[in-house]
């Protein structure tokens, strides 16, 4: 049983997460599959990529595979960790990547969806930023992904309450580009892809790269960054971090103490 | 007669401005009170703070206490001046601060509300950025508070026209997180606080700090900053600055000449 | 036959593009005219500028004059090129500039409209970012103009699909400040100007400059910038760049190959 | 009696401070004269400027005219203040400016000399950074002038001890380009000017501007800058600031208390 | 037996490391002592601090206490680790700190000495940057300390060869402010302190803080920083890191494999 | 006849430019050879690279191959141009690169030498930065290479006068790490390499990368960069640029007019 597939349709590549049994959790295997799909698309010189789950799914992706999180005392969101790798692969792909969303988008999957160039969603979709449920200190470039998409009040609400944002509200806030009913969403995204195919690929690639550079251009001093890393280390050294992961695995609500 | 009060309800602290007679003007005393409330909340390890005026107020806060503005030739928005101090106290508070808004929010109070992590407002609320009414040169980090919340066209409209933005429009633009009728707004905010209490406090604190750092990360050269300070000095050295303050105190429209 | 006119109405300057026959294309002459208009407004110490096309037009401006684009191997968006010059003239004008929009706004004209401090538009207006139709590598500060106005998903959709954004959606996203019917839009903008005139001009000027500085404050390393310039050079050295311009002039769809 | 003169010798402009009676103090008049000299040199398209005192002087310049310093509560080193203006005029001059130094260089004059592109000095010259003698909070871009010339240990020694650095040590540290005996220093500098005249003026101008930009590229956040301004304000609000100026005028040692 | 002492002599505080038996290794206890000394000096409002070893020592400080380094898989130079804490304490001390150096200065002690405001050394002193001997990935703000003191060729030589730099060469390069024979070095440093005491303390404090800010103002993007952290993690996860520490403890040369 | 060779001696790679007939001009072929040498060294996991000319040469390298410079209207120092490519290859090489210098180092070769991690030179070597002789606008990251090595007065003298800096002065200024007689220089550099081989390669690699990042961390705004590019374009569009190249090829002094 595979957990994803990549199909080429002319100049369009469609990467589909198919591991519904595990709610398309972003395991190393799943992320490896998405990256392999992007590489296949790149070799085929795809002009657009659609990243999606299977039609009719209720969870687009549940985010981090909690069973793969490192034990305490170790940054769970380091440069080489799977979520960071796939975010960069999407950002650096030389053509537009469209997130086609149906169902719930949770945690790291929420950043993965928002790191795509555009988001098209069905009305029943929801977006939730959930590290505070597990006690995970999100990394700074990860939060920047959210801050480039919409205003800081909305990002803070998502990060601090972990409440899901419904698709309609997400669209009003510029997070979702278009709301489309499930029956028409595939066709809608293919329509975007067909438009992109008529345009100049080099111009699109360079504008994507320029925007990636600009979006990243919120520089901070080494001192400030090391301070933030120090604060993050205190979190992944904390008992709460261990409690968060353990409670998740035991399917019970966590009991956090701030220590 | 006190001008504010701070109540602790379990892990929730509620800071209420009660100086309706003076429209909750941000005098040194009021700001000292808010800061004292935040410190009390911090000692109690509050997980959420709600900053509000009394139910039923028509003005949430009128902003700067004009009678306390420095005379000409002196930066009215320096590092140690009350408004700047309270903005930083809110930004640096280790847990989410929710602005519960009812009525008009003017001038410096508008920045104070927007510096909160989330804004929940009643439909009749309005937000106005009014330094151009007084001839005050707003400071650069103050304007950045606004630019991190919403797009630049909206911020410019607010700054250059001083027109109030109604709550509904503010919500559509991401300035206000949620619109709630007066009868339900307290309960709504308490509901958010209850959700926050279930999550990991260290993870929330570090994400708040990371976003504070990112939001501030619009660095400029010393030269450019000193140039802007020079432009600002010309404003608070101007006759218009004196006229703005005087006209306000004499309750008449100012007559500005650009000199 | 002139292609623009500038009228002074008290403290309000109205710059009108009148070259409807050529869809107000941003030729050197047109841009020279707009800049002359701004200079005239500056000398008259205008407190507001309205930049508009003639009432009833179907195209506000078609953007770049393709016939004036440099041949291949030459950056079409250099510092001294007309579009860049007019963008800076608007940004540096010492008082608010309102874009009064009716009809289609295409390509470089889209950036010119968004570089204005506020945008007021009729419901039938549309905004399209079209360099990918011609194979032009947009410059990095040009893309930053868009990113300061709204979220990155919307900007990417505009840049990568070249699809027009209708005025109503543009308003919801903070791109357009106000939607007004054609019959009332002039009066509406004059109303804003009248409000601005009552406020302190120095305070407005300094806040405009502060926001210009903050909006530009997305600094990048010399190395990264030179890398982006290198990528852009590959685009304007490409066959596609020549094909894009040629197809436009021959009024046929371009045939891009990515080379 | 004039206090400076500007002579053109072909493509070389020589600006000489001649107010030895007042030790070439940088009064508004003196700085106005230097700027006028630079403008004259610019109109003549001078390829090199030499900035010097009269041969044989014992004090090249004594720096700030203390009698012109603002009273307390006012930044003495604002954007429009004379020292800042002349520093920028030198940095922005489109051709190399050579400081020809003989004698003592004190305080603001030390920054003026170091802001020149090259420094040629006689062996008896000395360089002293003296604001701590007066209690003046130097401005941040002013200190950056020093930090771009040599290492931070040397700059701190100069700033914190106010001790003069002899020319020989200054040369070893890269502050002085060349040490030349008084009898030959004029000819030596003219020799440099003659070499510059053979080279491409546009290439030199653009490299000077690039280095000016790079030297200034130590950006800081608005928040950090405002904090530094706040610290500086406490200094020019202090009693020590007033005592420093008063003691200087009374020609007695100051008695500082740190308050 | 104590390992350090702090003496107050009027407005001068002298902190002396006295653990010659262990070559003044920077154990947590030693660093705690230095910080306590700085706090004592601060309470006494000391105008200068001298940081020194006992007269006649052959090793000023041997740097990191290798026995306290974290096991593999853990950043040995995190925000809260002792070396980073003492570096910041010196940088943030409100008055000048003079490193009085006699003997060898190794590893982390080399950064501690260079983080002082000035360095005065005896001719037999040497400075060595030795993390490559142990396989430790130095942190980015630590390397910046070196880069602010002298040119990059010298810093790279120190970091890549671990060879000691003799005091005379260090002085020529601006690393050492003054070379003084052991017999006179104490008096020499006290002489500097006496000069400092005559100057304005607030002006010195603010200039020190401004230079600290400027020296730190080499900002990088979150992405770039996280990439560097990822590279550093690979080093402290490596076998070589463990080999380096082990070999040091077994007093044998390490055998590095690059894995 | 080859123009360079690369030899491996254990963990040391020696790249020798052997095209003395053409004074080791940095033609595309020569640079291609150096890059190939670096790649070979990388595959062999060399721990040190020595970049040198043949013993006894009088010109280490004459810099740019003027015959390969682009015609006017084209940036001669773009991202993909040979000099920029080799600079980055040296900076990104994962181990130290030592420039072993004998003879004159001119123009682009001067940056290539200074981009090496260390410079060891014979006493008769000289370093000259010569773009102003040809009328070439040096690029901004190229000038930054110089500014990271030594103070700005020295860099400006080199750039504006094109005068060669003798090795002894270069050493005093930190440009050259060590001066060694020709007879011993090879052995001296091999000695450094042997020391490097004993140290931890991963620690060295990460420190090299951290310093590369810090050295590049002088970020500027897109606007400022585009302005500088515009100034540079005016230079390579100028008649002087063409005159400089032509005069060089005709072996006569150029006659520059500033146009």
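For clarity, chains are labelled A, B, C, D, E and F in written order, and residue numbers in each chain start from 1.
What we mean here is this: a residue touches a chain if its C-beta (ideal position, glycine included) is under 8 Å from a C-beta of that chain, and two chains touch if they have at least 3 such contacts.
As the structure is a computational prediction, the values presented were derived from the model and not from experiment.
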item: Rotation angle (°) superposing Cα atoms of chain B on chain D, nearest 5; value: 180
item: Pair joined by more contacting C-beta pairs (C-D or D-E); value: D-E
item: Same vs different contact residues, chain E with chain F, by half of numbers used; value: different
item: Counterpart interface for B-D, drawn from C-D, E-F or A-E and sharing over half of its contact pairs; value: A-E
item: Euclidean distance of C-alpha centroids - chain A vs chain F, Å; value: 43
item: Geometric centre distance via CA averages, chain C-chain A, whole Å; value: 33
item: Multi-partner residues of chain F (at least 2 other chains); value: 140, 144, 150, 172-174, 214, 217-220, 222, 231, 234
item: Contact footprint of chain E on chain F as seen in their complex; value: 45, 96, 114, 117-119, 148-150, 172-177, 192, 195-196, 198-211, 213-215, 217-219
item: Residue numbers on chain C that touch chain A, as the complex places them; value: 131-138, 140, 143-144, 147, 150-157, 159-163, 172-174, 218-220, 224, 228, 231-232, 234-235, 238, 240-241, 244, 253-254, 256, 258
item: In the complex with chain C, residue positions of chain D that touch it; value: 214, 217, 219, 222
item: Contact footprint of chain A on chain E as seen in their complex; value: 73-75, 78-80, 84, 139-141, 144, 216-223, 225-227, 229-231, 233-234
